[in-house]
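Which chain is which? They are A, B, C and D, in the order written, and residues in each are numbered from 1.
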Amino acid sequence: MSDIDLSVNIGKFKLRNPIMLASGTVGYGNEISEFSDLNKLGAIVTKSLSLKPRKGNPPQRIVETPSGMLNAIGLANVGVDIFLKEKIPFLKKYDVPLVCNIAASTVEEYVECTRILDSEETIKAFEINVSCPNVKDGGLQFGNDIKAVGLVISKVRAVTNKPLIIKLSPNVSYISEFAQVVKNEGGDAVSAINTLVGTAFNIITKKPKLYNVNGGLSGPAIKPVALAKVLEISRKVDIPIIGIGGIMNWKDVIEFMIAGASAIQIGTLNFIDPTAPERMIKELEDYCVSNQLNKISDLTASYLI
Amino acid sequence: MSDIDLSVNIGKFKLRNPIMLASGTVGYGNEISEFSDLNKLGAIVTKSLSLKPRKGNPPQRIVETPSGMLNAIGLANVGVDIFLKEKIPFLKKYDVPLVCNIAASTVEEYVECTRILDSEETIKAFEINVSCPNVKDGGLQFGNDIKAVGLVISKVRAVTNKPLIIKLSPNVSYISEFAQVVKNEGGDAVSAINTLVGTAFNIITKKPKLYNVNGGLSGPAIKPVALAKVLEISRKVDIPIIGIGGIMNWKDVIEFMIAGASAIQIGTLNFIDPTAPERMIKELEDYCVSNQLNKISDLTASYLI
Amino acid sequence: MLIVNSPVVETIQIHENIFIQKILSPEIAHNSNPGQFLNIRVSETANPLLRRPFSICDVEGDNIFIMFNVMGEGTKILACKQPGSSVDILGPLGNGFNLDDDFEIAVIVAGGLGSAPFPYLTRKIGKSKKIISFVGGRSKNDLITYSMMNFLTSTDDGSEGFKGNVVKLLEENRDKLDKEKIKIFGCGPNAMLKSLKDFSIKYDYNCEISTESAMACGFGICQGCPIESTQNPDKYLLVCKDGPVFNVKDVNL
Amino acid sequence: MLIVNSPVVETIQIHENIFIQKILSPEIAHNSNPGQFLNIRVSETANPLLRRPFSICDVEGDNIFIMFNVMGEGTKILACKQPGSSVDILGPLGNGFNLDDDFEIAVIVAGGLGSAPFPYLTRKIGKSKKIISFVGGRSKNDLITYSMMNFLTSTDDGSEGFKGNVVKLLEENRDKLDKEKIKIFGCGPNAMLKSLKDFSIKYDYNCEISTESAMACGFGICQGCPIESTQNPDKYLLVCKDGPVFNVKDVNL
């Protein structure tokens, strides 16, 4: 047994290690459990849940791009009720912190979802998705409207005492202004980043490749942008950051932590190698051993600038 | 001789074909002339020029990333005076429209540069760079401040009758709002996009890989984002667009034109294959022949959405 | 579902642009069914980023076979893999063809590369049932009859076999198709699957088809591969998990 | 400056992690000088995106040689290239070593992979002048003396030759170095170049060094490779175009 401490705190939310699985890239946990031992992971974030089930966008929903992919799933999900009834029982069997990601079109819907889910003790924290670029009928474009984001946080904060994480959009001029609002309104942490808005055309048909026209760009292509956003927040706002964007290996995890992240989420990589998250935990431990680092959390914001 | 018409109009600026070479990726034309016949190209855009020579950032200035690269050159350039004295004579020998890209830290400097360069008839148009992410001492961060951008355009417009192109930053919430300001203030066209803000860390030293900390992300990684920005402008504002971002081959050119671009610029690709621009012109012609397209300009904004 | 790095045994070019790759992968070979597919990572670099889905073309002992044409970067890299190199396989994925139905004659209908899953199906059915195959292509060079038995062909341009599409060819031969005894297995381009669906419904044949979709994961976590369900219009089915083989009546094409 | 797709003749591993690649490229072979470099595109895909710079290690007839260690993705791909494959070369680039100076003895100082440009320099000098080489490495296994003549070695850990760095070794042998007659040619890690510079200035030796920098283009259009000039503090020199070989006095390291 090594006595390396991989645990991290995201504000009051404590994880056994910094490796979380990102919303929309693990479903509700069952498929990925065939490849990774969920009990070893830092946390799992559910696919964004809405009040009612959502069918999502018609195909085509996925386009590959250089070192990245566009998705326009359109928040297809089972809705909070079916989630509680049909998905929670499976997740209850595991000893892994469950984070419920919530997406909604109105402030009321955010509040209602949170309220309904709050009493389920398997759920250890909420991640509020104010930044999904792929829904046409989504009412407000919350993610780009700083006042709307502030309102959502204060209202949701009022109905839950669980850790409240706000997932920020990178498609804004200054992401740190949004992080500041999260802090002001009582949010516990921010996740950065959600996908970048992108598109692609079929040059033969002249139609967008995605039915939804725009999609969200993820994968290694966006890593430099994600790191810059994490760094921007880290330098300007005193709030825990969960780093997300293009993480492919343990070195990327270290890089995000140096840039300011307390924990990280793995997204697109789950599709390519669902065994990677569990393996990375071991690799992080090895890194700590060979660098004589007792607590991995000492890496957070350790940049020398 | 085929009778395909490859010429395009960027407002009142007429080019023999849509292939332009992007600012900062061709120096002042001499090195690249060994690989591509400049006389065949649509246009060349100079490295951003400032009133006084700029030394630029200390090394390291370049970092490779997945399907992309970060640069933080810091607008190293010879300044307008030396440009006119030492660089223009070479460019005069060619029959290729020369676009002068101008970068400055104050409104006055933009105006002064334009005024000085305006009388040189070899210069056929101006591209105003309000979007360079890599200068620390750059005074205003023009690119993200819509009022500052508006002011620059109106003041520069007052001192030149040549076509005025504004190169927009992608690091904003809604790029089309900036394009609208360009139109309102009398600009002739927009270039979209400049680089995305990104960074990278050396995980051993914990220092940023770039001396400047942040750099600009370019190359195929950003193509989906660039296409979405071009499309956004095309759908919202009636202004000619020059598409830029990750173009690697003739298919990408067609894709940008479909998404709304009247012409395009090639950047990072010049570093990898400086013979590509000339070759692409031929390939575009072949495309037109096999698609029975007489005028390539018919492609612009031909998207079916 | 397994992830296994598996050595390439050989890569053979069988047509202008079409390759058969033999891969040593005992775990997958012993656990797969015709109609299932593999999601293959062709390179460790970030580009191409995603795995590429391929039908299991055949299984022979410890070896699996895939059949593919060179479409883009991924299949180009795959085609260059020689003995000594390996591929990273995630599989077997999805639901294969159902052979437990009550039928006596298997009718295979393949368009273009839609032939891919049928060598394995043919092998699995073996001598237990009769097989009739209908193979279509745009032209002579697009006809893929690799490992097919008892087949008729059609080409759009009439350069070989029946002139017309493969569903037309099927209709021409309807006298051979006794409704009570046959089951149709179809794979091919969407347009072909659509007319095969119309045909099967019109004459009330039992018909399963193998469908395609753009995919990211291949095992149900990305929601990237929806297909419209006829039973429940409020929810998409997933090609990777609920398919890729569906009864023709269950999906809207 | 040319861009030529050139066939790989052979790739030989000379040390644990170090390879010599022989490439058939007559145009470049006949037009290059020692100290110049090549910018090589190892793959047509978007990743790795940029070319990779390598010193011209040697030239023999129509063939050029490069020497490299496997650092990351680019050099990994390169190391796997076998006869039958090719590399896309942009070159020859930059300014090589100046052999027209007035000197009688060439003193080569190489640290680690800094040996790369010297087989060619050694060949070019040939019998016209005397050569003394000093080769340093961290340890025995890092000493690269490939094609070197008349050399002394040093290792940081003392596992072979002089114990200490290569500039120390040089200083130890200063009795062999007659200031009027020699010219020093150095290549290696930055720390070594720095102490070589101090050494040359201290004793007023004529000394040229080959420098490195991150690069995008390699031929002067990206401004990505600045190096501080001692003559003009208002303007950087470019490693790719003004260098990579500089007189030690002209650059701040």
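Worth pointing out:
Simple rule for what comes next: a contact is a pair of C-beta atoms (placed from the backbone, for glycine too) under 8 Å apart; a residue touches a chain by one contact, two chains touch by 3 or more.
Computed from a prediction, not measured in an experiment: that's the story for all the values here.
The chains touching chain A as well as chain C are B, D. Across the two interfaces under comparison, B-C and B-D, the one joined by more C-beta contacts turns out to be B-D. Of all the chains, the one whose CA centre sits at the greatest distance from that of chain A is D. Taking the mean of the C-alpha atoms as each chain's centre, chain B and chain D sit 36 Å apart. Rounded to whole angstrom, the centroid-to-centroid distance between chain C and chain D, based on C-alpha atoms, equals 54 Å. Inter-chain centre distance (chain B to chain C, centres taken as mean C-alpha positions): 46 Å. Shown for chain B are the residues that touch two or more other chains, namely 63, 66-68, 219-221. Under the contact definition stated at the top, the residues of chain D that touch 2 or more other chains are 46-48. Taken together, the touching pairs cover every possible pairing of the chains. Taken together, the chain C residues at the contact with chain B in this complex read 46-47. Contact residues on chain B toward chain D in their complex (touch as defined above): 24-27, 31-32, 34-35, 47, 53, 55-64, 66-69, 71, 73, 76, 219-221, 248, 268, 270-275. Across the complex, chain C meets chain A through its residues 1, 3, 41, 46-51, 213-228, 234-236, 241.
Considering their complex, residues 66-67 of chain A touch chain D. Residues 63, 65-68, 70, 144, 171-174, 196-201, 203, 205-208, 213-215, 217, 219-225, 227-228, 231, 246, 251, 254-255, 258-259, 302-305 of chain B are the ones touching chain A in the complex.
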